[in-house]
Structure formats: structure tokens, C-alpha cells
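By written order: A, B and C. Residues from 1 in each chain.
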């Protein structure tokens, strides 16, 4: 099977950055296949980068993910190679952007601080570790280099924490956060199908308390499980609990903020 | 020759969807080559998706096209594999988005309702047929699976109609629609070079009645066939009759609506 | 080593143009690898296209660059294949868009006017030389065709001039232009590390006179060489002198115009 490198960044598509990283990988490991999983993460938005990586790893649990959202780029910030339980390998800065994905992939098995001198990197340029350290590291992994060959092992407990964590169960309520909205206006929460399983939610209706708004919606299998314009809650393709309006926008209807707390319980 | 899969969707580039479909295809058929033909189709805009697919098939008449604009995704909506006269194979939902491309490729030769159990699909997830049914189907075709192996044959006359049809000739007038405007402000119509041939238009001037506006423009070979700022009508790279302003925007100048009727005749 | 084709255009990503050019290259030279280096160049903006190409060639000095920003497309405008000292091969229209990249790659070694009849091109369509002439030419080079086989040699002095030139030294001042701003609000100037070397600038502070604004900033190695919110001048990943605000936007702070003159000297 081809080794896939999923690439996520806040580089946008207006500059040469993304394509140059592709070229670096093509040359270092021609058999790797790079797929772009989102480069429009807002500049420096570690939370959105982490959310995108976590959505990706759910769908590609054995991929290599190269995640570059890096406001602190420079010699004092570590570059990481993190191995997860699922077999995924995550490459990116030590600023929390990798951790939610690692947790969704079963947790961190081992972490390494990438040492540019260990393999055939270019001299790392201070402003563009993505090109000079991280993309070459991802390419090396894709071509069979062991993560442990990239640098010294790091205690996973010493990594910078992720920007959001797992949901928690309090009595009969699940408590999480609004993670993000998608292009179609659906709202994703930091609540997984496994979390929801605690509520025996299938075929029921859920109440979601979202700050000033309380939404009650039936659990469906797809957006069209309800009438056009009606609200539905489902587990979407990235494995998150999602609030959607069939052919409409839940974001427009409820106007909640990213990061807001949500409390979920079964109503009937 | 490499088998090319042209991929069109309304997924945008901010989420993981497009890249995950690339990864699915890479793994299922490593020798396939996926090219992105436009993922910024507005959400649920079947007309724009169909227009993009029809432009693509004119230029890549033997490609596999994967077209995902799918407001009704769910178990009750069929997934199709359509074979066209040109050899093109079109994969997408049964909501009309494939039909204008099929018609431009010589018409539908055969159509099949994709049955996810027929080949090695994942269990289809209700919300993301693109990843779980349609991309695997396109990959299978690219690797030599016959369309007839994907599911039961469907009567082409029972497919959901396309959002726009061919132009028609009434006396000395061609009657069509405004199909779309492009990035440079040129206006494309649902009128092909073959349609225009009925008017013996080369080297002439055409009158285009567009609602309240009537435009008279010379037929040219390229945008620079006329002075800067002047209007010209030509057959563009996607094979549609196009109204353009050299180094300017016909859309801004004439302000017509997508879908508006156009009546075309030769004036001299 | 894989031959990489870097592709830059003003086509945007909403139409089929970019993907169709990818498909043309895949079919003509399957072993070529195309990387996208920016397709959101504003329509007809030769300056921005040239700046993007010049940034790319600094990072990929032996690549093939396909650069299509082409307001004058038509039979009277020449298509070029330019060979640079570094080994780079540049393919695009003769309107200046290739020249700054060629100069950064050591200057033009040879230039050829591409003759579509020389190799197995399709009949060139008047409106889309990118697909019908330039992409096939880039693919031919990637598969080993010599540039001299593509058409007649052209005197480099007869090529249309680039939209910006090199900086110049006047006494102890370097005089250049504001080249562009990037996604993070950093300002790049038409001044290279080699130009700056004339000022023995490392570890010093520089004064930049920018129209009404004069900025004094320390030279750093990376954005985080200074406090958050502080200004720093550095040589960025594309090799240009760059004025940046750590985790902020120099463009917003100083509001200068692209193309404005900048005068740089060491202050202490």
C-alpha cells in the first residue's frame, strides 16, 4: 500500500510554500503520495489546525500527517515526530497542534524531537522549518526511516498541551465544546461516537445546551433523515457529533461561538 | 496512457474532504492520477457542478469524472456510474449533475446504480458517499473494473434530468442560456461550436439578446482579436460560445444573470 | 531524481483550467511531477506572477517552471522556453513574467520561441495556450526533450522586459521596491541576501525609508527573534529581504504600496 502523507497548514494557496513542500517530498521520497487536507487554516490558528488534523486521522488512521501551524517558528521551538497507537505518525511543531489527533489515534506511543543533523536535511532555515525540517522528516518516514532515528525521545507528558481535549460525562450529560463549523454550516462538537455511546442515543432526541440557546434535535443517519430545513444531530464523516440543518446552515440558525461549551443529554 | 480521474465537488478546500477522497483513490488504485477540476462549486449548486463537468469533458473526453454536488446525500438517493459515447465514465449522484457532461460526450451509452456491496467498499457512511462509494467506484474504473460490475443497469430515461439542456435553433436564431461567468468575467452560454455552425458565423458579427440588453459583437479567434476594452464573441477553451471584453469583464459590463435566456443571430 | 514542474497561473481554482493542464502533462509525461506554486495570482497581474516565479526559483533552482499570466494571449504573442544558468527551464508567454526568475537563476542562457508544430502538440487553440502549447512544452522538457528542439532561438535582449528589476547600491544605500506582502502580512522587497551583503548587515539595525514612513528594525534570523508585536527584518524563505512583525502584520502597521521605492541603510 502506498504511504500517504496528509498535509495541513496555515500557508494558504497564494504563495509558493505548499508547492515547495510538495517538491521537497517528491524528491526525498518519490513513492510517497501527498494529499492536501486543508491549507486555509487561519494564520497561527493552532485550534483549527488541530481540529483539521483530528478529523483527518479519524479517516486515515495509518497515515503520516504533516501539520504546520507554527506561530513560534524559530530555534527555540521543538519539531516533533509523534507515533500514535493506531500506527499514525504525526510531524509538526511542539505547540499542541498534533495532540488532539494523537489522542483520537489511541494516544501517544512515542515522541521524538527532530534533530535536523540526523538525516540528510538541508541546513534548517530559521523561518521555514516546514520545508527544511518537517517535510523532509515526513518524507523520511514515508520511505521507511524509523521515527526513533530522527532525534531524541521526548516524554509525552512534557509536550505542549493541545488546544482542546476530550469531552467528559457528568451524570447523564456529556460536556464538550463547539469544535468548528464546516462549509455547509454544520456545527461539530468535541464529542465522538464513542462518547455518545454512553447516552444510548440512537433513534432518540438530544438536547444541546449552547450558552443562551437550547436545541432539541432528533438523531439521524444523514442530513436528509429530516425534512428540508429541519435540524438533525448525527455523527458525521469525521466522527464528531454534528448539528446540521438539512440543506441549510446550523451556524446561521444558532450563531454559536467556536470553543463554546455544549451540554448534551437524551430527552426522549 | 495513464487513466485520469477528474474530480469536481462543492467541498471547498478548507476541510479534509477533498484530500481524503484523494487518499482513498491512491490506496485503491495507485496508478490512477487524480486532477482537481474545481472544488469551489457553491454548496449544493447542481447547475454549477454540471457546468464544470461539461467544460471538463469537452477537454478530457476519455477521462473518468468524479462529480460530487449532492444536497440529497443519503440512502434514498442513487449513486451512478454513467458511460458516455466518447468513452468517458461519469461517477456521481443521480441528481442531474452528470447529464450535461454525458450529453456533451455523445450521450449516455449505459448507466448503472452503484451497489456498495459489489466490490471492496467500506461500509458506506450515510453522510459521505464521496469517500465511501463514489471515490472507490472511480478508482475501480481507473484500475480496469467494468462499469457493469458496479451495480444494476438503469434505464437512462429514468435518470434525474440535468439542470440545463442543449440550445435550440428557431429559424435563424439560436436560443440558449447564460451558463456561467469565469474568473476573467467572460460569459459562457449553453451554445457549442457545433450549434453555432448552423449560423455560418465565422468572420461575422453576432447579436445576442440578453433580457434588457442587446449586445452586438464581432466573432474573433481570441480575446486579443479586438482592441483592449472592446467586446468579442468566440468559442472558448471549454467549447462554449463566450462573450468577452479584451482585458476587461463582460459580466461587469452587461450584468446578466446566470440562467437567463439568450437569443443569438448573425447581423452582418 | 524526479523532474518537478512548478506551475503558477492567474487561473484561480474555480474553473477546470489548472486541472486540465495537469491532465495534459500527466498524459504527455507520466513521470513528471507537477506541484502547484500559486494559481491565485490576480487576473492579468504580470508583476505578481513574476514575483511568485522568482520566489519559487530561489527554492527550486533546477525545476521546470510553467508560468501562465497572459493578458495578451493570441497568435501575435510569443510562447517562450527560457533556459537559466542554474539549470532551471522557464516556460510561459513573452510578456516579462519569466524574466525576474531567470535573473535570480543566474540569468538567461538561451531562449526559444516555442513552435507548436515542432512536437506533438494539439492544434493550438487561440484562447488557451497554457493547455495547448505551454503545458505540453513543459511536459516535453520533463521527459528529456531539449529546449532547442522546441523552436527557433531568440535573442535574450529582445524579450519583453520583466515588471521589476534588481536593486541597486548608491553609496551606502540599497534602493529597491516593495515586491509583495504575504499571507501573514510580511513585506518582501526586491532585495536579496546577496544585495544585503554589501551592507554588512548581520546583527545590525536597518533603516528602511518607505515613502512617508521610515522604519528602523533589528536584523533577525526568524520572526521570533524579537518580542511578540515587535518589528524585525530578515531574509525569508524565498530569499528576499522581508519586514515582519512577530505574530502581527507589517502590511497593516505600515500600509505601504506594492511597487513603492524602498531605501535601506545600516543605522548602527
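Throughout what follows, a residue touches a chain if its C-beta (ideal position, glycine included) is under 8 Å from a C-beta of that chain, and two chains touch if they have at least 3 such contacts.
It should be emphasised that the depicted structure is a prediction, and the values quoted were computed from it without experimental measurement.
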item	value
Arrangement of touching chains [line / ring / star / complete / other]	complete
Copy-to-copy rotation for chain A and chain C - C-alpha atoms, rounded to a multiple of 5°	120
Rounded Å distance between chain A and chain B, as computed from the means of their C-alpha atoms	33
Touching two or more other chains - residues of chain C	13
Of all residues in chain B, those that touch chain A in their complex	10-20, 22-23, 26-27, 30, 43-44, 71-77, 125-128, 131
Chain A partner contacts - residues on chain C that touch it in the complex	1-2, 4, 6-7, 13, 33, 35-40, 52, 55-56, 59-60, 63, 182-184, 221-225, 234, 236-238, 247
